[in-house]
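Labels run A, B, C and D following the written order; every chain starts at residue 1.
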Amino acid sequence: MKKLSLAKLNDFFAAVAAKETLYLPVNNNVGKAEYKKWESGVEMSSALNTVRSAKDFFFPQTENLMEFKMTGKSVEVFDTREECEDFVIFGVRACDAASFAILDSVYLVDPVDSYYKSRREHGTVVTMACSKPAETCFCGTFGIDAANPAGDVTVWEVEGAYMLRANTEKGEALLASVADLLEDGCEKCVEEAQAKTRAILAKLPLAGLTTEGVGVGKTKELFDHPAWASLSESCLGCGTCTFVCPTCQCYDVRDFDTGNGIKRFRCWDSCMYSDFTKMAHGNSRNSQLERFRQRFMHKLVYYPDRNDGTFGCVGCGRCLARCPISMNIVKVMKTLGGKN
Amino acid sequence: MQKMMEKRALELLGDGTVNRVLGWSAGDFIYDVTPAVFKTAEEVQDKFLYNDFCGANLSKYLVKESRKEGKILVFLKPCDTYSFNQLIAEHRIIRENIYAIGVECFGKADEEKLRAKGITGITGIEMKDGTYTVHTVYGDETVKAYEVMADRCLSCKSKKHVAYDELLGSEGEVVEDCNRFDMVEKLEAMTPDERYEFWRGELSRCIRCNACRNICPACTCEQCVFDNPNSGVSQKAAVNSFEENMFHIIRAFHVAGRCTDCGECSRVCPQHIPLHLLNRKFIKDVNTFYGEYQAGENPEAKPPLGKYEKNDIEPGEAGGAKA
Amino acid sequence: MNTETLIPYVGVVTEITQQTPDVKTFRVEAPGGGKLFEHKPGQCAMLSVPGISEAMISITSSPTNTEYMEFSVKKCGCLTEWLHAMEVGQMITVRGPYGRHFPVYDELLGKNLMIVAGGIGLAPVRSVINYVRDNRDKFGTVDIVYGSRSKDDLVYYDEIVNEWMNTPGFNVHLTIDNPQEGWDGHVGFVPNYVKELNPDLDKTVLMCGPPIMIKFTLGGLMELGFKKEQVYTTMELRMKCGIGKCGRCNIGNKYVCKDGPVFRFDELDELPNEY
Amino acid sequence: MQDVKEFRPKIVAFCCNWCSYAGADLAGSARLSYPADVKIIRVPCSCRVNPMFILRAFQRGADGVIMAGCHPGDCHYTSGNYFARRRMTLLFSMLDYLGIERERTRVEWISAAEGAKFSKTMNEFVDTITALGENKRLEDLRCKK
């Protein structure tokens, strides 16, 4: 355990940023937090979390995969990737940190997605324990402890200082590189801070939400559940929930003819979109009911089925706050049998 | 008001005038209200809600709902009635299958403004006499309703119901001294460079989730041009600044002269982009160049882009903004 | 195998055969000759024309073919229309192989096989048929029941008549939907024909065709006393990445591109009815 | 790398088939010059020009876009250019509102007899755009070489 006096915070950021690119949550022009590159004068946001999740760092909304040159009948392929540089993301919350493991279980299983892997290898995740969770938080439902997040380094804010604990080799290396700014930390202060946070977590309105009714092996039972009709009725079919979701990982691959070559890019896609499963001779999910069901079944049943019972949701609450019509995974879980 | 609405809903369901009720359904935290179709009296008694957070405009749901079997009851706030009328004008909803009840609205609250005040961990909200007592896990907070009123309501254009079968409360009046073009004027007074900076700052946050399009009561195309793979513009992700500009300009243009300024686009934007400022620019320009026009006010009126005058202003003369 | 999963190989189309009015078969080789990669019967590859789109197409040639790969494509969308319009010598991109193959290396060994196909559905199982022909001693008898709308819509007709029908242990049963001049074979739908043929219950069935044919043929087989464990099919869903990540071919806890496209019917039973 | 090149603007001109395109023809046969930087796209009527066309032209590298049609009242289809006029008025005003240089877009009414006007307009427009420089605010970086 190490300690960083808040008076030295800027020096710490500067020292980290001197070696690799440092990203942290910063208030944008409308006062909402988003990850931005740190540079001198940039202040960290005090918001609980960013509007967009931290998945962008490893799975960006859009990325060029390759380029093609077509001349006459010939085709050439160019891998246009640039070397990924080392970077640090500071201030990731427990929920987002847990989401990386979920993304890993998709992108790092065979066949490995090398685009993702490279970013994952070059990124160091510094997490920040929560001290003021919101009513939309329900990470506890999925066994995530907001007071003790994962990540390469974990940070707790205690009176006038940050306590830092390295959890991995990458984390050790990061702390070692700024060792002259750090003092010895205080385990007890961290425990106190954790106890405080956990007491608040227990009082949150969704603290008692359970996963009863969903999970492994429920496919047959839930697929034809009558509640999907009313749950999906008001769904607009927009992609807000999927795009702010830290665990949604579906994508589309498209070609763009620039007039002087073809760029093949990958971009986030949403199973809520009507054309998600459209193919040359039809669509296997024609109604919003089917698409809505797919999203929640995937997170709450299919994904656990494939991954030893781990749910595909981390309870960050972004979809609760952002859905234009306030229909969300909590309402779905409760309808399907979850207790609160 | 909620009591009255519930009572009428139960009566109309009971006597068979309607077989469904389109209203708002209670959520977990008072403010997370979901539009819902209630089919039975039990559902209405159980879940029906009308409070200061029922901002969602229900009229677009009627495009689908009014094509179903039987008559549906819908509750419309004054601004929703404009969208409702506009949809009738465009033959998108079947009026005969709808029983519309106008409900009074004194402005809706925006939970984002509660959050902006640092209020979090909300466990309940009590609303009384223009004051909200917000219970949170961090203690109670009191705020005045107008402090957290949605921006679109602060510049409300009309509290008048322009279409209804029945009214609960008064018909209301058009707001005469509405200040909704203030921000547009402010932008127009800027230099092009400043405007460019302003819009880049706003539009660069777009994540192309399409919430603005999908909630918009004027966006009712069966297939949007941005969903058409053959259009060459169907990229889903905000690839670069051009894509963002293109999507928002074209979307605003497609609803120009049809947008009633209900403000739903800005309400739902997860990135808080003031999209209504694009629509209001078109509304203001239409008013300036072609005479006052309020979409949805009169379903018989010809839309400004569907007609012309021989002496219309020339594109080159339309000064619009100052350089 | 290509280690960079999303980056394709470039292949040259060296021969184009018009199979039926709307199906063409394309022979694809590496620019320097030979196959782009090895595959197993039933696997697919992602064909693409840059700027148009990518599509998952089954590899219809047998792995025992050492010179080239073949793809049979029915014209039905923007990519396939482009493919149909191209000429010999055109380069396209190919990546793969993807998906689970028919279990010709283990479970099917020594078994009597019955192959049921409709229309273009013969393409994916053709690789199995030719693999079995080239490894004739490893399998029992092979019954092929193949139907199409009309005689003109039967793909690989010459190959069926000249080669398959002359292979020892092969029994080929052709059928078309409606009577047609110049056709003296069976007339009727595939599911009914399968029932009429009343196959022995010791056969393992490999099936591919339109969903409606699969549905009724399966029903017929059940009536005859077949078990779901004896019947395999190969599914087609819009696959985009081919590597189980992009999410659109997800049905239940399976990704068709990775866990399929070959499924045994008892496995499909576990999945929600969404295919 | 220093690459000093004289800026040559790319101009897209949407010309109505009945008047402005014929006007361009007349300019040609009368040997009135207009800069080669202007690429003409013939449209059946100015009313055919969808706002998307204008944006696409910018996306694909145009530095200025001009729409030319029959004089109001002379539309081959009676009223097409009246509708086009309203649309372009609003669109250009919106582009300006977004901070995109007003001068990059223009509408002119050029009849089949106005070869001289065609030539003059195009020369003027090219000069204006040359002075403005490259289109940066409505560019698609992917389309840049």
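The rule is simple: contacts are C-beta pairs under 8 Å (C-beta built on N, C-alpha and C of every residue); 3 or more make two chains touch, one makes a residue touch a chain.
In this text, all values refer to a predicted model and were calculated from it rather than measured experimentally.
Using the contact threshold fixed earlier, the set of chains in contact with both subunit B and subunit C is A. Across A-D and A-B, the chain pair carrying more C-beta contacts is A-B. Taking each chain's centre as the mean of its C-alpha atoms, subunit A lies 46 Å from subunit D.
Inter-chain centre distance (subunit A to subunit B, centres taken as mean C-alpha positions): 30 Å.
Subunit A and subunit C have Cα centroids separated by 39 Å. The geometric centre of subunit C is 53 Å away from that of subunit D, both derived from CA atoms. Subunit B has residues 229, 239 in contact with two or more other chains. Residues of subunit C in contact with two or more other chains: 78.
In subunit D, the residues that touch at least two other chains are 140, 142. Those residues of subunit D lying in contact with subunit A across their complex are 60-61, 140, 142-143, 145. By the touch rule above, subunit B contacts subunit A in their complex via residues 27-29, 31-37, 56, 61, 115-116, 120-123, 136-138, 201-202, 205, 207-211, 213-215, 227, 229, 235-239, 264, 267-268, 270-272.
Residue ranges of subunit C in contact with subunit A, taken from their complex: 3-8, 10, 50-55, 76-80, 87, 89-93, 237-238, 240-241, 243-248, 250, 252-253, 270-275.
Against subunit C, in their complex, subunit A makes its touches with residues 65-66, 68, 70, 73-77, 79, 106-107, 109, 111-115, 219-220, 223, 249-255, 257, 262, 264, 266, 269, 271, 276-281, 284-285, 290, 294, 297-298, 301-303, 305-306. Interface residues of subunit D facing subunit B in the complex, by the touch rule stated above, are 51-52, 55, 58-59, 72-73, 79, 82-83, 85-102, 105-107, 137-142.
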